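Each chain gets a letter, A, B, C and D, in the order it is written, and its residues are counted from 1.
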Amino acid sequence: MAAVALARSGRTVSLSRAFPSTPSQENPRPAHHYMWRDVRPHDGGVAMDYLGVFYHGTATTHIDALCHVWDSNGMWDGKNPDDVIGFTGAKYGTVDAWSDGILTRGVLLDVPKHRGTPYVTMDTPVHGWELEEIAAQEGIEIQPGDAVLVYSGREAYALDNGGVWGGGPGRPGLHASCLPFIRSNDISILGWDMMDAAPNEYELPWTVHGAIFAYGVALVDNALLEPLAKACGEEQRYEFMLTINPLKVIGGTGSPVNPIAVF
Amino acid sequence: MAAVALARSGRTVSLSRAFPSTPSQENPRPAHHYMWRDVRPHDGGVAMDYLGVFYHGTATTHIDALCHVWDSNGMWDGKNPDDVIGFTGAKYGTVDAWSDGILTRGVLLDVPKHRGTPYVTMDTPVHGWELEEIAAQEGIEIQPGDAVLVYSGREAYALDNGGVWGGGPGRPGLHASCLPFIRSNDISILGWDMMDAAPNEYELPWTVHGAIFAYGVALVDNALLEPLAKACGEEQRYEFMLTINPLKVIGGTGSPVNPIAVF
Amino acid sequence: MAAVALARSGRTVSLSRAFPSTPSQENPRPAHHYMWRDVRPHDGGVAMDYLGVFYHGTATTHIDALCHVWDSNGMWDGKNPDDVIGFTGAKYGTVDAWSDGILTRGVLLDVPKHRGTPYVTMDTPVHGWELEEIAAQEGIEIQPGDAVLVYSGREAYALDNGGVWGGGPGRPGLHASCLPFIRSNDISILGWDMMDAAPNEYELPWTVHGAIFAYGVALVDNALLEPLAKACGEEQRYEFMLTINPLKVIGGTGSPVNPIAVF
Amino acid sequence: MAAVALARSGRTVSLSRAFPSTPSQENPRPAHHYMWRDVRPHDGGVAMDYLGVFYHGTATTHIDALCHVWDSNGMWDGKNPDDVIGFTGAKYGTVDAWSDGILTRGVLLDVPKHRGTPYVTMDTPVHGWELEEIAAQEGIEIQPGDAVLVYSGREAYALDNGGVWGGGPGRPGLHASCLPFIRSNDISILGWDMMDAAPNEYELPWTVHGAIFAYGVALVDNALLEPLAKACGEEQRYEFMLTINPLKVIGGTGSPVNPIAVF
C-alpha cells in the first residue's frame, strides 16, 4: 500500500476528458447522451439520461483490456482471436479482470516541460530513452507495477491544429522505442494523451499499442494530462496515488473510465 | 485524508453489479453491449465494443446526481426543473460536479447480520433508528461526509423471489424514517442494494430518494453489498476507504459507477 | 403487375405496430426513441430523434431476411453460418436483396372469422389444412409469389391475457403443419401476428420459422392484422396490393418495416 | 388512384442510400449496426442486428415530419415548439400522421440532364423557374399532391469533391426561389439529393426546408436519385408510382425510409 501513502494533501485531479458527444475529426462516432424526463405521482418528477459509447478510438478516455488488439502472432498470452472474440463478449483478457479496481502508484512523465516546447510534433516523436531521462530529471525511479502517464501536450497541439490531435492520416505521439522502456521497467499501465505516433515505419499493425499483447500492459487512452501536469508542477512531485475503477462489463474489451490522481 | 488511512491491507472490493445487458423484471431496459471486430494492416486485428445504458432504475450500479429527482417543491437547492432539464443535458446539480472523484470514508451497515435474518422483507422495512443501532453495534460513529452503505440482503432476497428484488408493484427496502438519520448524521452519500421500500404510505413521489433534493445527498443505487458485507465480517471492521469515479458526463443526471472499497 | 390492379379504391391499411419503446413481457429489449431539440440562427429551431431497435423478437413489426435463422443442416441455400455471419453484417441472404422493395399480391387468411372465435389459443394451433380451408372459403386461390398473411387475433388474445401474446414460456400460433402449406403454394412471404406456436413437439429449433432456411420464404413478424381483417370484411375481399419497403441495410438480417395494404 | 395506373412494367427503383454506418464529413453521427449471434436448442442458431440512427442530417434517406423545423414565427399550422416538442416525442405534425403510407404520383426533375452538366455547383443553385422549365421539357404537368423529386447530381458531385456533398461550411443545392414553385404547384412532398443551398443570403434559419412549416410539405432528404434518373431516361417517362412507408413512430419527427418508384 505504498501507493496509498502518496495521498497526503487530498488534492484530486481527474484524468478524463468530457464524455465525447460532439462530432469532430477525432470523434467520428460520437457518444450518445440523450435526456428523458417524466412525471411521478404527487407532482414529483424525474430526469434520466441514456449514455452510449463506442469508446475505443481517439475521443473517449478509456482503458484497453488485454483482448483489445493483436498481431499476426496472436493475442496476449498466445490466445487466438477466433477462440476469444464472440458476439456477446470476449472470453479472455477482458476488462472484468480488473473489476476490483486498480489502485497503484502513478507517475507523470512531462515531455513538453522536459523539452521546453508546448507539445510533441509529428517530427519529434517521444522515444524510450527520453522517457528514462524525464523520469530521472523528475527524481522518479520507476517501479514494477507503476502506472506511467506520458504527457505530450495534446491540448496545446490541438489549439494549433484545428482543435484536434487525432483522426487524420498521421498523428504525433510515442515512438516504437518506448516498448523496451515499458518492458524493462515492468510497468502495469501506460496512460497517454497522444498515443502511438502514426504512421510507423515498421510495417507493424500496432506499435506501442503492442504493449497489450506483447507484455500484458493495460493502456489508458485519451487521458487528459494537462491538468495533472499543472498539479504535479505545483505540488512539486510527479508521483501520486492513482485509482481507476473500470465498469464491470463481463467480456468487455475495455471501459470508459475517469482515472483519479490523488496527491 | 482520514479516509486514506483506512486503506491498510490493500484488499479491494467492488460494489458494482455486472453491466446489466440481460433483460429481467428488474431490468426492463437492458444495457447494450455489442461487439465489433476488424482487421488491421499487416495481419493485425482489433476488437471493440459498444456500451449503451439507460442506467437509472433497478439494474445498474450508478450514482444519482442532485438533479435526478424532485417533488412539488422543486429540485435540490430550490431549482425549477423547467429551467434545469434540457434536451442536451441538465444545467445544475449535474454529475460532472463530481468529476474529480469521490474519495471518502465508507461505512457498511449490515442489516441482515444485525437482525439475524437473511434479508429485509416487505413487512419489515429498515428504519432510521435501526440504522443508528447497527452503527453503534458495529462500533461506528458516523461522521459528516461519510458514505453510508446500507446492506439489506438483496441477493438472498432475489434467490427466494424468482431472481429479482425490484421491478414489481412493491419492493422491500428503507422506510422514510431513514431520512432524519441521513440528515442528522450529515452524510454525503447513501449507497444501498435495496432502495426505498415501495409502496410508501406518505403520498410522496419519493421517500428516501428525497435525500437528493431535500439534503443534497448523492445516492449509489443498486450497489452490490453482499461481498462487502462478507469482507467487513472477515476484516472485522465496517469502515474503509471508498472511491467512486463517475464518468465525466457534462450535464448528466448521474453515471454508472464501480465503487471500490479498500481495506 | 396483377398486384397493382388490386389497388382500386385507394384505401390503405398499415400492418405495423407502433415502434415499441415501452417495456413489456413481450418487449424485453425496448426500442430507443430519444428526442433532441436545438436552436438555429435567426431564431429558428429543430427537433430530431434517435431511433434504435433490436427489432427481432416479439415486439417490432419487421421482415426476416433469409440469413436470420438456421438449424443443424445449415442456413438457406446450404450456407454455413460461420461463413456468413460477421461482426459488421451478414454476407448472404441479407435484407438488402430486397432493397428495391416488395410489391406483390397480399391475401389475408382470417382464422378467428373462420372459427367463430376471437383468437387462436394454446390448445388450438393453426394447421395447414385449416389455412387451405380458409382460403377456399374466402374465395382465394393462392398463387406462387403471394404474400400470405395469417391473422390469429393477437390483439383480442392480449386483451384477455395481461396485455401480451408473447414473451412467456409458451404462446399460441401456427403449427408445424403449416410448412407444407407454405411449400406447396410456393408463397414468397408469410406475415403473421402470432408466430410459431411454442413449445413445439418436434425437437426442432424452429418450426414455421424454418420456412426461412427450408424454402427461402421471408417472414413478416408481429404484423398488425386486426385493422386489415376489419378492412377485408368491409371491402368484402381478402386480396389487395401489398408494399413492403425494407430499409436498405447492407448485410442486415432483416428490417423494421411498415407494410401497407392497398385496396 | 391515378398514381397506381403508372405502375405498368413492374420495374422498381429504390430511392434510398445505404443505411449509413460509416463515418464521413457528411455523416458525423454514423448509424449503429451491430450484429449478434446466438444458439438455439437442437443445434439451431439465430443472427440478429441492432439498428440505431439519428437520421436527420445529410446522410440517411429519411422523411421529415411537419414538426421537424420552425422559424421565429413558429411551427407548421402556427404551433409553438414549447408546446409540441417533449422528451418522449412530439405532439403535433408527427410522422405517425403518415403511418398508413404515402402512395402518390412521383415526378423526377432532372437538373443535370436539362443543364447538360454532371451536377449542380455552389455557383449555380437550382431556381424555381428552372424547375418549371424542366417539367415542361419533360412533358410533365405538375398536379396537386404530386411528390416532386429534384435530382441535382449528388453522386457525381461527390466523386469530384472528396466523396461528399454535405457536411462542410457550404453546399450546392436549391435556391429559396424554389419555395414559390412548391407553393404554386401545391405539391405534397419534395424529395431531393442535394438540399437547400447553403449558405443562404436571406438571414433565414431555413430556406427550402421552410416548406415544412410554411406549406405543410414533407421532405425526403438524401434521396438517392441517380438510379431513378437513369431509369426515367430508359423508360422515357418522368412520372411513376411512388410509395413511402414511414416507420410507425408515435411522436416521431420523421423516419428513415426506402421510397420505391414503380414504373
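The rule we apply is simple: a residue touches a chain if its C-beta (ideal position, glycine included) is under 8 Å from a C-beta of that chain, and two chains touch if they have at least 3 such contacts.
Quantities reported herein were computed from a predicted structural model and do not represent experimental measurements.
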What is the graph distance from chain A to chain D, where chains are linked when they touch? 1
The A-D interface: which of B-C, C-D or A-C repeats it, judged by over half of the contact pairs being the same residue numbers? B-C
Among all other chains, pick the one whose mean CA position is farthest from the mean CA position of chain A. C
What's the call on chain A versus chain B, same or different interface residues, using the half cut on shared numbers? same
List the centre-to-centre spacing of chain A and chain B in whole Å, with centres computed as mean CA coordinates. 27
With chain centres defined as C-alpha means, what is the inter-centre distance between chain B and chain D in Å? 47
Intercentroid distance (Cα basis), chain C paired with chain B, Å: 42
Which residues belonging to chain D are in contact with no fewer than two other chains? 32, 35-37, 50, 87-88
Write out the stretch or stretches of chain D touching chain B in their complex. 32, 34-36, 50, 87
In the complex with chain C, residue positions of chain B that touch it: 23, 28-30, 35-38, 87-88
What residues on chain C touch chain D, complex-wise? 1, 4, 7-10, 12-14, 16-19, 32-33, 35-37, 40-57, 61, 67-72, 81, 85-90, 96, 99-101, 103, 203-206, 241, 243-260, 262
